[in-house]
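First chain A sits with chain B, and in the next complex the same chain sits with chain C.
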Partner chain A sequence: MNIVVCLKQVPGTTEVKIDPQTNTLIRQGIENIINPFDTYAIEEGVRLREKHGGKVTVITMGPPQAEAALREAVSLGADAAVLLSDRAFAGADTWATAYTLSRAVAKLQPCDLIICGRQTIDGDTGQVGPEMAEMLQLPFIAYVSRIEEIADGKLRVRRMVEEGHEVMETTLPAVITVSKEINVPRLPSLRGIMKSKSAAIPVWGVRELEVDEKMVGLAGSSTQVIKVFFPQRVHQAEMLEGDLDTRVDTLIDRLRSARVC
Partner chain B sequence: MEVNIDLAKCTGCGACVPACPFGLLEVVDDKVQLKEGCTLCGACVDACAFEALSLPAVMETGAAADDSRGVWVFAEQRRGVLKNVAYELLSRGRELADTLGTGLSAVCLGHEVRDVASLIAYGADKVYLVDSPDLADNQEDFLTHKMVAMVRELKPEIVIAGATALGRSFIPRVAAILNTGLTADCTGLDIDTGKRLLLQTRPTFGGNIMATIICPNKRPQMATVRPRVFKKAAPDAGRRGEIVKLDFRKEGVIARVKLLDSVDEVTETVKLEDADIIVSGGRGLGKAENFKLLAELADVLGAALGSSRAAVDEGWIPYSHQVGQTGKTVCPRLYIACGISGAIQHLAGMQTSDIIVAINDDPNAPIFQVATYGIVGDLFKVVPRLIEKLKNG
Partner chain C sequence: MDYFLTEEQKTIKGLARKIAEERVLPVRAELDEKEEFPWAPLKELADADMFRVFVPEEYEGLGGGCLELCLVVEELSRVCSAVAVSYAASALGCMTLGEYGTDEQKRRWFPDIASGKKLAAFAITESTAGSDAGNIKTTAEKVAGGYLLNGTKQFITNGGEAALYTVICLTDKTRGARGASAIMVEKDTPGFTFGKKEKKMGIRASATRELVFRNCLVPEGNLLGKPGLGFIQAMRLFDRSRPGIGSQAVGLAQGALEAAVDYAEQRVQFGQPIISMPVVQHMLADMAILVEASRALVYAAARYVDSGARNVTEESAAAKVFASDTAMKVTTDAVQICGGTGYMRDFPVEKMMRDAKILQIYEGTNQILRNAIAVNLRKRKARTA
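Right, the complex of A and B next:
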């Protein structure tokens, strides 16, 4: 089974705090990491290869330093990695990102399954997976929480929806996005770390992918960010004081006068 | 590509350095320098008082904004019942359409969907109703195909859909085929009337940064919005509107994904997204059994039970109860957060609630920054007392 896992290198921002004085992000000590949701995609790809044989190739689009994320993925069990990097790719929105990734997947044919994380923790859109699937004209299933079976060119999965879950079946090749419920990612193995150090990671740009510069990066993006700002929190809570009874009584008073209980 | 720096104008003041969300700017020898990785977000451009920073000019992509007119709302249904998010989007969509001086249409694809006329009561001038047994299960290949065909024929300028599991899955495919922009999980939608543009504001970086996004040259402008972000307006049963029935033919559409089974897992009696009151617990609960205490409070209040991601990760409560960036967005009249510190990802999912009560033993917990009323104290003392007094009074 040939599996491609798409990942993104993101700033490890979950610990980010706002400096209340300057209203800016405190960024000290923030390292770049593999998007946490993508680690489940890598793990699932590696597990499928262990079960069905084949090869896991990880790809990412990003600046040259994104190579570190690919090496980490190799240490986690990926067999091969390709970095999609070109100055022309910068400023891409989800459409242009999906297009660039789809061209890379097309170049990696034959390919049975493409796995992405459900979304990134920086952009938070979750759009690249489904957009890429459509550009590759492949079937797509989002929020997969369990792969139930792969047999006879078909894939059966469980996916999460608001109300619970659905069991879906599709033909392969296909694109899926996975949620964190699907597995517990392993730690890098010693062998993996050794392998990751020596892995040759080719870099594909506009020329290698044979794409039109107008379709990638900022030029290929239909959306534009016109303003970036920090959410304002000017709000002041009323802290209820006194002994336990007083505090609870005051709370019930406030809630009753607001007619919410 | 990266932000342009005019070194002649740069005074080395450093005002742009903290503005970069990616920490890529630094001042070296009184001039600003940019490290690799610029995403052209433009935050530094606004921060510079000397116009030394600018974004590169955008190349015209050809397919210019045309004579597309009208606002569309995708009216999602499940098993023949319209979802609340459809009404919420129609309520906001009505205001957008009025600002643009154009019509508002609801697009409903399904089979024997009940109460379609309610879409008119909530603001639609027109309901495009596509009824077919093939659409009953929301088969996404069919939905994608039909939406694309309808947009191409009827040319709306704006298409809005709920950022539900379904909307987030098939709407990007529609945008991919139409080669137009799509903005996910918007929390604000406004109109630039001069340019007839949809101003789409959304949180990124887990809610740390807000970005306003436009789609200047392509139509339609597409956006998804999470449930409960916009408020449902009061329905007007007397509103006049038109239901336009359209055909669906599956011939020629390859349906490759098949729904085999659909299992509802929501355990509580009140659905989280629709609840008026939510009692929510986090890591401060300490263990799974302690959710019983919150369930008791929820019971007294007629509330639904929510949780932070921490409690879900600990395995104390199923994911369907999770509120926040990767869980559900809720907007109840009352949200009671017990033992939740208030990570920004959690706040992103509940901070628009009308009244927020925070009970936490850490006075510095960020949850108090969004709370209406705060009680610093041991939740295992406060909550039982609250239950007792509510029961007796």
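Right, the complex of A and C next:
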């Protein structure tokens, strides 16, 4: 089966600073890594290839240096990689990013399964996977924690929900996002690293993807970040007085008025 | 210090460090406590192609030399010397095959060692033959269909866990060491069993066992090189493997030094971190000097071996002796700096100090190796006189 894994290069630290002028992340002087959630997507793709045969292609949209993330993915077992890079792609929101990625997936046909990490650790939106599925008009399942079976053009998975899990089935091709419960990503191998150093990684821009410049990058983004801030944590505690019955009654009243129960 | 490693060597060293820190560190205390063979970390090393490093390229290896092997062993030993020696023993167990084996023999055994599917081991030591390695008693009598092995090997690293053993035994017992030969013996050969598993002071996760041969018939095709050359083959092997023990010592000492610096920085006494006290600073400085000097000597000896030099006895012995004496001193001082905490088994330097002692003993005691160096000094003097 042909699998496409989408990944993003992110700053390798949890202490990123935000540029107060542009409200974007300051990336200078910070080591870049593959978005940790995407490493599970790569691993699952490689495992499926090992089991079912086929090919794993990794793609990312980013500046030229994002090629390093693709090479790392090749060292971890991906067969091929494509870098989506063009000045016109800069400043993309999740919608424009998903659009660009979806055009690359369309160009990589035939494709049976598209795997993404559940979200990035820098943007944290978790929107690109589902948006891309919508644009490709493919079925989508989020938070997949286990692939149960792939047979007869169908995929059955277990996905995490708030209080347990659901088992879902879909036809292929499909888009899924995976959670970190799905596997333990392998470390690279020496032969993988050597292969990754010489791997040819094509760069696709506006021309190769045959997209309208107005649909990508800042121009294609319908949202704009106005402000990034840490939410204030508000803690309020109230100690209930009286005997046990009174306290329970008061508690129930409070919960009712707060519409919790 | 920059040792001008190639890109490939840096890649090997970097990946070995990653595996050591991510996959060995979390389990080292438990493996030591339970004296459990480190199969899981070794599987990680196999998946990362680390067992290919020391196997020739024609047999599914990466064709690395002594230095490449040293880099892996050093990084593993920095975290756990027991995992390092279990890995290195597989290299030791197939180096004679690499040097004296036929193409057919190499094709038969190397690929599974390269993939890490099988571990190898080397066996020469017996109860009567430690430093006096020529005094072995295990015999391999030539019979119809091969060699019949009888005898007991002692203190064999990877014993019981390895699938393939290079065994030095007497094919002609009338000639003593000159009648010794190297024979490959596969696990599960009838007549080949394992004796008791030793309980050790250090490197406790590694397996050390007796190999017992009772009328064990081994095919003639398992003999490596010519009969009668086994002792020379073994001595030549150790000359080339000793930098590996040196690198194990360098890694161990490096790990202990780092642990001591970490502790000295956060331990506050008399209102200040103990690292700001001159007495501790000088101890740490001396440790750092010794570790770096050992590394320089070990890398130089490994490169000398890789250069194809004919006689490397003196250089490899010097590297092993200096680095292992360093490891003993540095780990002891690391425990001293960490004080009561360092003496406790919950803290890693206690294990490191126990792990260090064997380095002065195995693959030639430091006394025997000093003898060898002295012999060379006298030979040189005699030549120039």
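To be clear about the criterion, the second predicted complex is superposed on the first by the 211 of 261 C-alpha atoms of A that agree within 3 Å, B and C clash if a C-alpha of one lies under 4 Å from a C-alpha of the other, contacts with A are read in each partner's own complex, and residues count from 1 in each chain.
Keep in mind that, in the parts below, contacts are C-beta pairs under 8 Å (C-beta built on N, C-alpha and C of every residue); 3 or more make two chains touch, one makes a residue touch a chain.
Keep in mind the model is a prediction, meaning the values are calculated, not measured.
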{"item": "Contact breadth on chain A, by residue count: chain C or chain B", "value": "B"}
{"item": "Which of chain B and chain C A:190 touches, first, second, both or neither", "value": "second"}
{"item": "Partner chain(s) touched by A:224 [first = chain B, second = chain C, both, neither]", "value": "first"}
{"item": "Which superposed partner A:257 touches (first chain B, second chain C, both, neither)", "value": "neither"}
{"item": "Which superposed partner A:161 touches (first chain B, second chain C, both, neither)", "value": "first"}
{"item": "Common interface residues of chain A - those touching chain B in one complex and chain C in the other", "value": "none"}
{"item": "Touching residues on chain B, where the partner in the complex is chain A", "value": "1-2, 18-19, 21-23, 36-43, 46, 56, 58-59, 61, 78, 140-141, 144, 164-166, 168-170, 172-173, 175-177, 179-185, 199, 203-218, 256-266, 273, 276-277, 301, 319-320, 325-326, 328, 333-334, 343-345, 354-355, 357-358, 368-377, 381-382, 385-386, 389-390, 393"}
{"item": "Of all residues in chain A, those that touch chain B in their complex", "value": "11, 13-14, 16, 18, 22, 24-25, 27, 30, 62-65, 87-88, 90-91, 93-95, 98, 118-119, 121-127, 129-135, 139-143, 156, 159-171, 174, 180-181, 214, 217-231, 233, 235, 237-240, 244-245, 247-249, 251-252, 254-255, 258, 260-261"}
{"item": "Chain A residues within the chain C interface of the complex", "value": "186-194"}
{"item": "Touch list for chain C against partner chain A, complex", "value": "8, 11-12, 15, 18-19, 22-23, 44, 47-50, 52-53, 62"}
